[in-house]
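Shared between the two complexes below is chain A, which has chain B as its partner in the first and chain C in the second.
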Partner chain A sequence: MKHYIESLLHSDDYQFLGLFVSDKTKEQGVFILRYLFYDIKNKKLNITEIDTRKEFPHIDIPALDWYEREIHDMFGLVPKGHPNLRPLMLFPENYPKDFHPLRKDANLNIEYRGYEEYRYENFEPEGSFKILVGPIHAGIIEPGHFRFTLNGEPILKLEIRHFYKHKGIEKLAEGKPVEFGLKLSERISGDHSLAHSLAFVKAVETIYGIDIPPKAVYVRAILLELERLTCNINDFAFIFQDVGYSFGAQKVFAIKEMLMRLNEALTGNRFNRGIIKVGGILKEIDLNIVKDGIKLLKKEYLKYKKLFLNSSTILERTDTTGKVSYETAKKYAALGYVAKASGLYFDTRKIMENKLYGPLIKEFSLKSGDVTARLKVRFNDIEESFDIIEEFISNIPEGNIYKNYEKKDGYSFGFEEGQRGNIIHMLEIENGLISRWKIRDPSFHNWPIIQEAVLGDIIADFPLINKSLNLSYSGNDL
Partner chain B sequence: MDKVIGVLQLVLFVAIAPATKGFIHKLKLNLRGQKGPSIIQPYKDIFKLLKKESIISQDASFISRIAPIIVLLALIVNVCFIPVFSPHTLLSFTGDVIAFIYVFGLSTFFMALYGMDQGSAFGGLGSAREMTIASLAEPTLMMIMFTFSLEYNTSNISEIFIRVHNSSFSVPIAYVFSLLALFFVSMAENARIPFDNPETHLELTMVHEAMILEASGKYLAIFELSSYIKLLLFISIASNIFLPFLYSSNILLNILFYILKVFLFSIPISIVELSIAKFRFFRIPDLLMISFTLAVLGFVLYYA
Partner chain C sequence: MFNVIKTFLKEGIKTEDISSYNEDNIAIYKKLPKTLKGSLNIRHIDCGSCNACEYELTALSNIFYDIERFGIRFVASPKHADALTITGPITRNMYKPLLDAMKNVPNPKVIIAIGDCAMDGGIFKGAYGIVGGLKDINIEPYILIKGCPPTPKDIINGILKGFEG
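Our next item is the complex of A and B:
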């Protein structure tokens, strides 16, 4: 079994999507591990299950490192032969040993006290020094700890430590109704409210066996593109800001603000929260507002895209900075624009839902893997979003906006392409209540890549590289 | 009477320095479509900081207490060398061109020491970067000063300024090159784009700000005031060489003309900062090399 999973991980025909665990000790006496792959050639999911009571095989590939450590923390299952089994989420400074909250029999009423200090990697070549950044940063960003080993300006090594604000969402949702889960899902990651809630309802709808009406499918797709557009435009502005070109940054931030106001006019919420419901959407929305607004924004955006691509001083900063090779992307199973910029293409919309999008999405990927490439992938995404929104608004079918349904039990996956890449929600419903909910944000795959992307660059360029990857702390820190 | 004018120049200089910074900032913000704080905001900042508590790192030595004062005093001494609206300066002696450059170097030196003394990782990083830039900018500054010294056969700053305004420069092209070089050096020394980004909050990219990251309260106020004075020093030199003083007997008119010149010469700084991105750190030596080449060209053209 181990060799089979290994061969899938190294194959170019399979995209590794995640490792999901359920505690089935009560029913079957085992924990079920599900390795989820997408078979790109045959266009289908490949789920490999392993049952275990205590141990499971360790697979030596960076893509699985965090998963195995997370499972060790949360379920107390041991990846046999893992060389570096430090706690990932349950910090040894804060939690007692042998505390595994996601086990069904976990006792949460314990004294929360640590037992040792976190062990960082020991790397001190001669003549090097360390700069420790975070977990508290200047500016309004979330906590993350970055340890740089430097030799002057060049970076020799970066070690990251995250999960300072682990929210315990997955545990919180256990035993709660689906409606509660939907509200929670909108709050997993602020800028991806809609993508996460869509992934969640898709999982619910697969379990319930609902075919949602075509009009709702279109409206959801339009709202999702609006969210993608907002995030991509925001990233674009931040790249301007981090190369020190504040003129471009302010102008592009203005476009983002207009988009958020458009969202508010549309659904009453700047993040489009509260519009999705199981079976469809909550209310009719007036899409004519979008039609007019989007043309104006596209014109504005194209102006600043041109400005960016014609400025030698800006491109000088972004070209060759923060390179991620195809091999690196592959071994970390990178997702979203990080993968696309390095030649590894996976887009949930194109590959899993091509019927809906068709030729509106091109298989756009680049080879160079630097800051410029990641931005060019975003440019492509932005332009595709504009096209999809225009096309869908003019072709929107008439009919109901939601479908009534009967509640059922079962388990399923929900997939959605967020702006950062593929989002997966694995959901198990028992007696009408959530019994296990696992959220996998693309940042969980992409965060460790930053440690390799900065090698060969200088410390002064780190913020720019970080911004070009623009990974989510909150979506990661569940 | 000369001394009175000298003191008046010094007071005026320090008084309008924060407004210059405020003006550049306001202009920058307006040009990119933001409203921005008023130009008197830097004064408010300084008064606010003076009222606040100053915290010094446990690892800091006496350097952290004296460095801010030395930085400010060195810059004030430099202001005494520079004719502001009249050639009667407080300090004036043969060879003060060289004194000017090295007193300037003293302030940079103590600034860098302060950065390292706090024992924070960012301070050391900032100091290392500042010294890289300063050591590359200094030769250019000397070359520019020497070009003017040779042209007017004096190494006294006040004399240079008087002669610039009484006679026309014999090689105008040399004059243009020197001023271009001076513009580069001013951007580098004052931590402006493309050398440094004065607006960033990202510690890892900072140069000047990284050194004073640990400063607070009155120490930060002193550093802020010093940076305003430093900026105005360069603007005053450039504007007084380009546009002569008004030799009017009415001091008030002279002062008004000077202030007008300062604002006029602040405009290019805002515009350049908006039109290009900050350079990659290892490109900065190239840029300073260009400015040195310009300065040498000015110098050589004088002989040609």
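Our next item is the complex of A and C:
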């Protein structure tokens, strides 16, 4: 089984999507590990299951490193032969060693005190020095710890330590109704409120066996594109800011603000929270507001795209900075724009929902893998979003906006393409309540890549590289 | 470039009037010291939020809201700051960094709680990974701005209201 999974991980025809574990000790006496792949050639999911009581095989590939450490933390299962089994989410300073919260029999009442020290990697070549950044950063961003080893200006090594924001969302939802899960799913990663809630309701709808009405499908898709647009425009503005071009940054931030106001005019919430419900959408929305607004914003955006691409001083900063090769992207199973900029294409909308989007999404990918490439992928995404919104608004079908349903038990996956890449929610429902919920944000795959992207670059370029990857801490830490 | 600036001049600067806001979302527990009026330096600390609050805090600096016109600035270090803004439920892993940052803020340490989670954990209440909100660690904020997330207008007005009276 180990060799089979290994071969899939290295194969170009399969995209690794995640490793999902459930505690089934009560029913079947085992823990079930599900390795999830997408078979790109045959267009279907490939789920490989392993049952275990205590140990499971360690597979030596960076894409699985965090997963295996996470499972060791959460379930106390041991990846046999893992060379670096340090705690990942449950910091040894704050949690006891034998605390495995996602086991069904876990005792959650643990004392808050210091336990053990965390062990950082030992890397001190002669003449090198370290710069420690975080967990609290200088800007208005989320917490995370970065340890740079430098020799002069170039970065020799970066070690990241995340999960400062680990709250225990997955456990919190256990034993709670689906409605609570939906509310919580909007608060996994705030900027992706809609994408996460859609992935969640899709999992619920598959379990309940609901086919949602076509009008709801279209409205959801339009709102999702609006969110993608907002996030991409926001990233674009931050890249302007981090190359020191405030004029461009402020003008593009203004576009983002207008998009947020468009959201508010549509649904009453700047993040489109509370509009999605199981079976469809909550209320009718007037899409005519979007139609006119979006055209103006597109014109405005194109001005600043031109400004960016015509400025040699900006491109001087972004070209060849933060390179991620195809091999690196593949071995970390990169997702979203990080993958697309390095020649690895996976887009949930194109690959899993081609019926809906069709030719509106082009298979756009670049080879160079630097900051410019990641921005150009975003430009493509932005323009696609504009096209999709316009196309969908003019073709929106008439009919109901939701469908009534009967509640059922079962387990399923929900997929959605957020701005950062593919989002997956694995959901198990028992007696009408959530019994296991695994959230996989694309940031969980893409964060470790930053450690390779910065190598050889100077430390002053780090903020730029970080912004070009722009990953979620909250969605990663859970 | 000429064309871009021309448009900029033609469109004018869009900084807005912020007088419309929701008063119910603002709770003042203690008045802010008058000496800080017109020059309030803030260090932001995210203790475990979902990042929507951060999204709105970054929006404060855009040309629509331009918080610096009120003399409110976000600074890079707690040592430069008069006030801390705190978002999110306080996670176990962020509790110690938060206390360290607070130690470094000069007196009077003004705490401004932003968002529904900051006070009592909000929707994350009861999760094993959080120690709770500010209430649970016995820190009384000067101002609480409610909302999930609060709107930029509410945040600016909340801070400015702290100086009134």
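In this text, the second predicted complex is superposed on the first by the 475 of 478 C-alpha atoms of A that agree within 3 Å, B and C clash if a C-alpha of one lies under 4 Å from a C-alpha of the other, contacts with A are read in each partner's own complex, and residues count from 1 in each chain.
Definition applied: a residue touches a chain if its C-beta (ideal position, glycine included) is under 8 Å from a C-beta of that chain, and two chains touch if they have at least 3 such contacts.
Predicted model, so just to flag it, every value in this text is computed and none were measured.
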Query: Now for A:Ser193: first (chain B), second (chain C), both, or neither, which partner does it touch?
result: second
- prompt: When both complexes are superposed, which of chain B and chain C contacts more residues belonging to chain A?
  reply: C
Query: Given the touch rule stated above, what does A:Ile136 touch, chain B (first), chain C (second), both, or neither?
result: second
Message: Applying the document's definition of touch, where does A:Asp461 land relative to chain B and chain C: first, second, both, or neither?
response: first
- prompt: Regarding the shared-chain residue A:Lys251, is it in contact with chain B (first), chain C (second), both, or neither?
  reply: both
Task: May I ask you to decide whether A:Glu205 touches chain B, chain C, both, or neither, giving the answer as first, second, both or neither?
output: neither
Query: For A:Ser474, is the partner it touches chain B (first), chain C (second), both, or none of the two (neither)?
result: second
- prompt: With the two structures laid over each other on chain A, which partner does A:Arg317 touch: chain B (first), chain C (second), both, or neither?
  reply: first
Message: Need the overlap of the two footprints on chain A, from chain B and from chain C, as residue ranges.
response: 138-139, 247, 250-251, 254
Chain B - residues contacting chain A, complex: 28, 31-34, 121-122, 125, 128-129, 193-194, 197, 199-205, 273-283
Field: Residue ranges of chain C touching chain A (in the complex, touch as defined)
entry: 1, 4, 7-8, 14, 44-59, 61-64, 74, 76-78, 88-89, 91-97, 101, 123-124, 126-131, 148-149, 151
- request: Spell out the residues on chain A that touch chain B in their complex, using ranges where they run on.
  value: 129-133, 138-139, 152-153, 242-247, 250-251, 254, 311, 313-314, 316-317, 458-463
Field: Complex interface listing, chain A residues touching chain C
entry: 91, 93-95, 101, 108, 110, 112, 135-136, 138-143, 163-169, 171-172, 183-184, 187-191, 193, 234, 247, 250-251, 253-254, 256-257, 260, 270-271, 273, 303, 307, 472-474
